[in-house]
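The same subunit A turns up in both complexes below, where it pairs with subunit B and then with subunit C.
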Partner chain A sequence: MQALFRKIEPYLYLLPALLLVGGLLLYSVAHTLAISFTDWDLITPPRFVGLQNYIDAIRDPTFTRSFSNTLIWTGGSLLLPVGGGLLLAVVLERIPGQRVLKTLIYLPAILSTTVVAAIWSYVYTNNGVLNETLRWVGLDALARPWLVFAPTNTLAMIVAASWRALGPSMVLFLVGLQTIPPELIEAAKIDGAGERLLFWRIKLPLLRPITAIVVIMSVIGSFMTFDLVWVMTQGGPGRSSETLAVTMYRQAFIMWRMGYAGAVAVILSTIVIAFSIFYLRETLKRSAV
Partner chain B sequence: MNKNSNAFWPVLVAMLLIPALVVGGTITAQDDPVVIDWANDAAWHEAGQDAVSEASLGATGIGVNTVIFSSTDSYQAAVRGALPTDDAFPLFDWWFGYRMKDLVDAGLLADVTDIWQKHIDNGGYPASMMGSFGFDGRAYGLPKMINYWVVFYNKHVFAEHDLEVPTTWDDLMAVAETLSNNDVTPFGLDVVGCRWCSFIWFEEMMVRVDPALYQSVMTGETAYNDPQVVAIMEQWGALLDAGYFSQPGDFADNWAEPFVSGSIGMFLIGDWYTASLARAGFVAGEDYGIFVMPGITEAGNRSLIIEGRPLLLAENSPQRDVALEFADYFMGVEAQTIWAETSDINSPSLLAPEETRPGHLVDLANAVANGEYELYTRYWEATPPQIVEQVVDLLGQFVLDPAALQTVLDGAEQIAQDYWASAGGE
Partner chain C sequence: MIERLSLQRRSLDRYLVLGLLCLFALAWVTPLAIVALSSMKTPREQSQSGILALPENAAMILENITSASELSGIGNGILSSLIYAFVGSFTAVIVASSAAYSIAMLKIRFPFFWFLIIYSGTVFPFQMYLMPLFQMYQTVGLYDTRFGMLLFYSAIAVPFCIFVFRNYFIGMQGEVIEAASLDGASSFQTYLRIVLPMAKAPALFLFVTQFSWIWNDFLFGQVLAKSDDVRPVMTSLAMLSGTYGKGSIPQQMAGALTASIPTLILFFALQKHFMQGIILNTAGE
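Let's look at the complex of A and B:
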């Protein structure tokens, strides 16, 4: 009896976590997958429609536009928070007064997305800080209604999101840089490596595990982009700045097309999971080499 | 052991008897006050509902427990999810017109036609209002709030430029031209921070030219790209081209500020805009006034767009009959007076005392009571949401680029046709 208990004991410790994951995650995933094959408005029983929601989504020009906007978000997130965070980490590592600068850059991360969206909505109005500054420095031609026309509105919102996301990725890269053994850097310097060579050949390859985490988090975050867009433009005007997450929300809670929204959710999740598996596998493979 | 056995039976009997007595008590005490849930997503309604509840408990023995949801979307999802079940909220706020049609079609709402008829007969409500709260002559919602869509004008700006409140369309255009020539934007309109706002001038231009045409577009009898609709939209496009509207991107969720500062002279919006202006320290009657937009044609002079917030009753709620009794009380003068006074709103009841109405709305309320206006449901609720939710995005494109008129109207018509075809031409 005691032997049997010992055997099952570890699984008992796992049970709460398994129940939580099973109940909250797997059930939700299974439920979403199931309703994606139905026509369901919450008030009448779901009706099985096969793959119709997926066909409708792929044929819907708004879905295509949301998809391309989401890809712009992904590209922008890789360039600004990831690339910018790495650049800042490398620069800040070596300059005096870095603690103050790090704090200032990290500060927006403590704000909620809604607050960030409200601040940047004011920045981007026709007579907002950005346009007034551009006019003040004589760049009148660059002043424009930032949130009105595509793709400027999406790019403008990516900048707003990056303002908040830059700090956390910078901190992660700084932590990564601190884990690089100093003797490696010193050895490279003795061998005559300049700053550029040091960065590309020593620091960047050794930062790979951290880079993988930051990239994965950024890509997943950009595919899930919802709240900032919802507050700033609601995906408009004319659905021009809609992302896949906004499309999913609109279909579920405005159009009450739970099945269609479920199909968008499944497509979105499949892309994110496929990317994560592919990227992690490639990164880990290279790290192992 | 023996002693214990002797005590067992009396204890068991007592245990069985006590709950039975309690249940019996609740069943027989029918005269006890009953409190039922009333759900909504407007926290500022709570004080008003509580005050009505207190009065209702005294008058009918029925009170309400206000259940507030902080997010409109989660509120809608929770209410819709519960409606087909016994857990449905017996009373809940919703959106009128076509926004409640799917609930009606699914048989989820209690029929309240009799309550309406009783209160119309005693002069409490205009008969034309009932149509916005139901379909095919039957009503499924009661008017908790009615907002009129009017033009707010800045009195200081009008005084500075010697302008009078316009009474004809030509007057209005002359006012707009004067303001425009003096670097004041005549009309405020935000289609960037507010995607639905694109329909405001669409519906208004339609009812100012031909209200019957507006109605027939809403019901799918006339096409969005019908030549008459095109002509009306061209008229609106000319106003956009003339620079009479604020520019897209002018606002950041701050509609009151440019109106209060005088950079915008007029705002066409629901009378709930009053609350935003009050928060900005702008006083009705002193700083601003309202007027109903003049008709472009004679037929358009009598139109008034209304927005309603209905109180609905769940058909599946076990407390449906109690809810009906409460709803009847809520429509009456006593409840409406308390509701209007506590919430500082313009009661939809024509019998509500004049002193309960916000001062600047008294004349309009009296004009409605005297039958001077035909009431038309706001576009948001006048046609199926499956059409509205897509067409507002197209209308937003039109505001940004009036030259895209035909593409916009053709697109809107395609959306409407697809819906009406799938709905079997309801």
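Let's look at the complex of A and C:
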């Protein structure tokens, strides 16, 4: 009896984690996959329809628009927080007072996306911060309803999201820059390399591992964009600013088309997981002992 | 001579860059100042005075919070979210550290397999969880209950915690087993008296990051709760804000400010842990 307990005991430490993660998370993943092959409104029993939901999605112009909006999010996030973060890190690296500036720029990242959405809704509203400022400096012609027309509404929200995302990517690049041996930079300088050459030929190639992680995280994050869009526009007006995650939510919890929503979730996951595999390879490589 | 000139130019450039950066950082945090200012105004004052004009009566913020709370239940939301964030992240830290202890230090078969199973919980987009959880919660009576929210928040935090603890435990394996075998402790005693106390640093770090994750969650509050008593703070704030929000601008900003206080306090108290957090989150140390 005691021998049996000895054998089982180590697994008991594992059990709560397995129950929580398996019972709530992994079970849900399998169930969503199953739902995606059915027609289901939560009330009548689900009916198996094979790949019909996937075919419907691909033919649906709102899905196509949602997909292309998501791609715009991906591109915009690579340009603003990632590209901008790299630029800031390189400039900030040798500046006195770096700490204070770093903290100020990082500050919005502490706020929740919902808070950021609340703030930027006020910035973009008709008599909001942005339009008032434009009128005040005499650029009345530029003032407009920022969240009404596509693709301006999506671009405006990307700027809002970047306000939150810039700090973390900048910090990561700064960490990466610190790992570059100073002797290397000194040697290159003695050889007469200018700032530009130094950046393209030495810093950027040596930053590659960090860059890979920041880029992959940014892509994954863009594909999962939900909170900000839902709070600011609910994907509207006329579903013009939906992202894939918003489309999934609307189909499931507003229109009660669970099967279709499941298909959107699975398509979204396939893309995210494809990128995650790169990411996991990077992180597991570092943690494997 | 030429050398000196170019040196002077370079330091001039440097001041120019510094000046530009300061301006940029200042502009960057201006929205925060605007939030604070607008949250202290009456709706009328807000629409008539300039955006950066000082409020007439700063105490107006209390009135705005009270009325915002009546409108959206954000007061209850703050209480609920404090419970979720404290208890949820505490539970996750305990559950994950014991599982990681088993995986890294005890004799089990296929430890890496069990690790991957649990760690895989970090890979899927949240959209994969929504419908089954909603249906399951409706069926078993967990929908719109604080216990149901707690259960979910604990579960979602476990996979990342396991990842960090496992790394940490693998690093300290030798010393622990030696110390434990010396005084003939049982595996539970070893976990409680030796492993946990030694894992204070990652435990604190994880508690802080998971606390702010749960505090900042909007989506699962939206799907798994509906009443004022259960709905977490961010889901309540969302009812006030945005194009479809029902609060006035001062109410929205007062709500946003109040909802940010706990994470702001955590950030300034534990700035080091936060910065470390994003590095760990991404690079896995």
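Throughout what follows, the second predicted complex is superposed on the first by the 247 of 289 C-alpha atoms of A that agree within 3 Å, B and C clash if a C-alpha of one lies under 4 Å from a C-alpha of the other, contacts with A are read in each partner's own complex, and residues count from 1 in each chain.
By our rule, a residue touches a chain if its C-beta (ideal position, glycine included) is under 8 Å from a C-beta of that chain, and two chains touch if they have at least 3 such contacts.
Since the model is a prediction, treat every value here as computed from it, not as a measurement.
Visitor: Which holds for A:126: it touches subunit B only (first), subunit C only (second), both, or neither?
Guide: A:126 contacts subunit B only, not subunit C.
Visitor: If we overlay the two complexes on their shared chain A, which of subunit B and subunit C does A:145 touch? Say first, second, both or neither.
Guide: In the superposed model, A:145 contacts subunit B only, not subunit C.
Visitor: In the superposed arrangement, which partner chain does A:233 touch: subunit B (first), subunit C (second), both, or neither?
Guide: Both partners, subunit B and subunit C.
Visitor: Looking at the overlay, what does A:18 touch: subunit B (first), subunit C (second), both, or neither?
Guide: So A:18 only meets subunit C here.
Visitor: Please indicate which partner A:157 is in contact with in the superposed arrangement: first for subunit B, second for subunit C, both, or neither.
Guide: A:157 sits against neither subunit B nor subunit C.
Visitor: More residues of subunit A are touched by which partner: subunit B or subunit C?
Guide: C
Visitor: Touch check for A:41: first (subunit B), second (subunit C), both, or neither?
Guide: In the superposition, A:41 touches subunit B alone.
Visitor: Please work out whether A:111 is in contact with subunit B alone, subunit C alone, both, or neither, and reply first, second, both or neither.
Guide: second
Visitor: A:253 contacts which: subunit B (first), subunit C (second), both, neither?
Guide: Both partners, subunit B and subunit C.
Visitor: Could you pull out which residues of subunit A sit against subunit B in one structure and against subunit C in the other?
Guide: Residues 42, 118, 121-122, 125, 127, 147, 232-234, 236, 249, 253, which sit in both footprints.
Visitor: List the residues on subunit C that touch subunit A in their complex, please.
Guide: Residues in contact with subunit A: 14, 17-18, 21-22, 24-26, 28-29, 31-32, 34-35, 38, 47, 50-51, 95-96, 98-99, 101-103, 106-108, 114, 117-118, 120-121, 123-136, 151-152, 154-156, 158-159, 162-163, 166-167, 170-171, 187, 191, 212, 215-219, 222-223, 234-235, 237-238, 240-245, 249, 252-253, 255-256, 259-260, 263-264, 267, 271, 274-275, 278-279, 282-285.
Visitor: So in the complex, which bits of subunit B are touching subunit A?
Guide: 73, 76-77, 80-81, 83-84, 102-103, 106, 108, 191-195, 198, 247-253, 385-386, 389, 393-394, 396-397, 399-400
Visitor: In their shared complex, at which residues does subunit A touch subunit C?
Guide: 9-11, 13-14, 16-18, 20-29, 31-32, 35, 42, 91-92, 95-97, 100-101, 103-115, 117-123, 125, 127, 129, 132-133, 147, 163, 168, 171-172, 175, 210, 213-214, 217, 223-224, 226-227, 230-234, 236, 244-245, 248-249, 252-253, 258, 261-262, 264-266, 268-269, 272-273, 276, 280, 282-284, 286-287, 289
Visitor: What does subunit A use to touch subunit B in their complex?
Guide: Per the stated touch rule, the residues are 41-44, 118, 121-122, 124-128, 145-149, 232-239, 249-250, 253-256.
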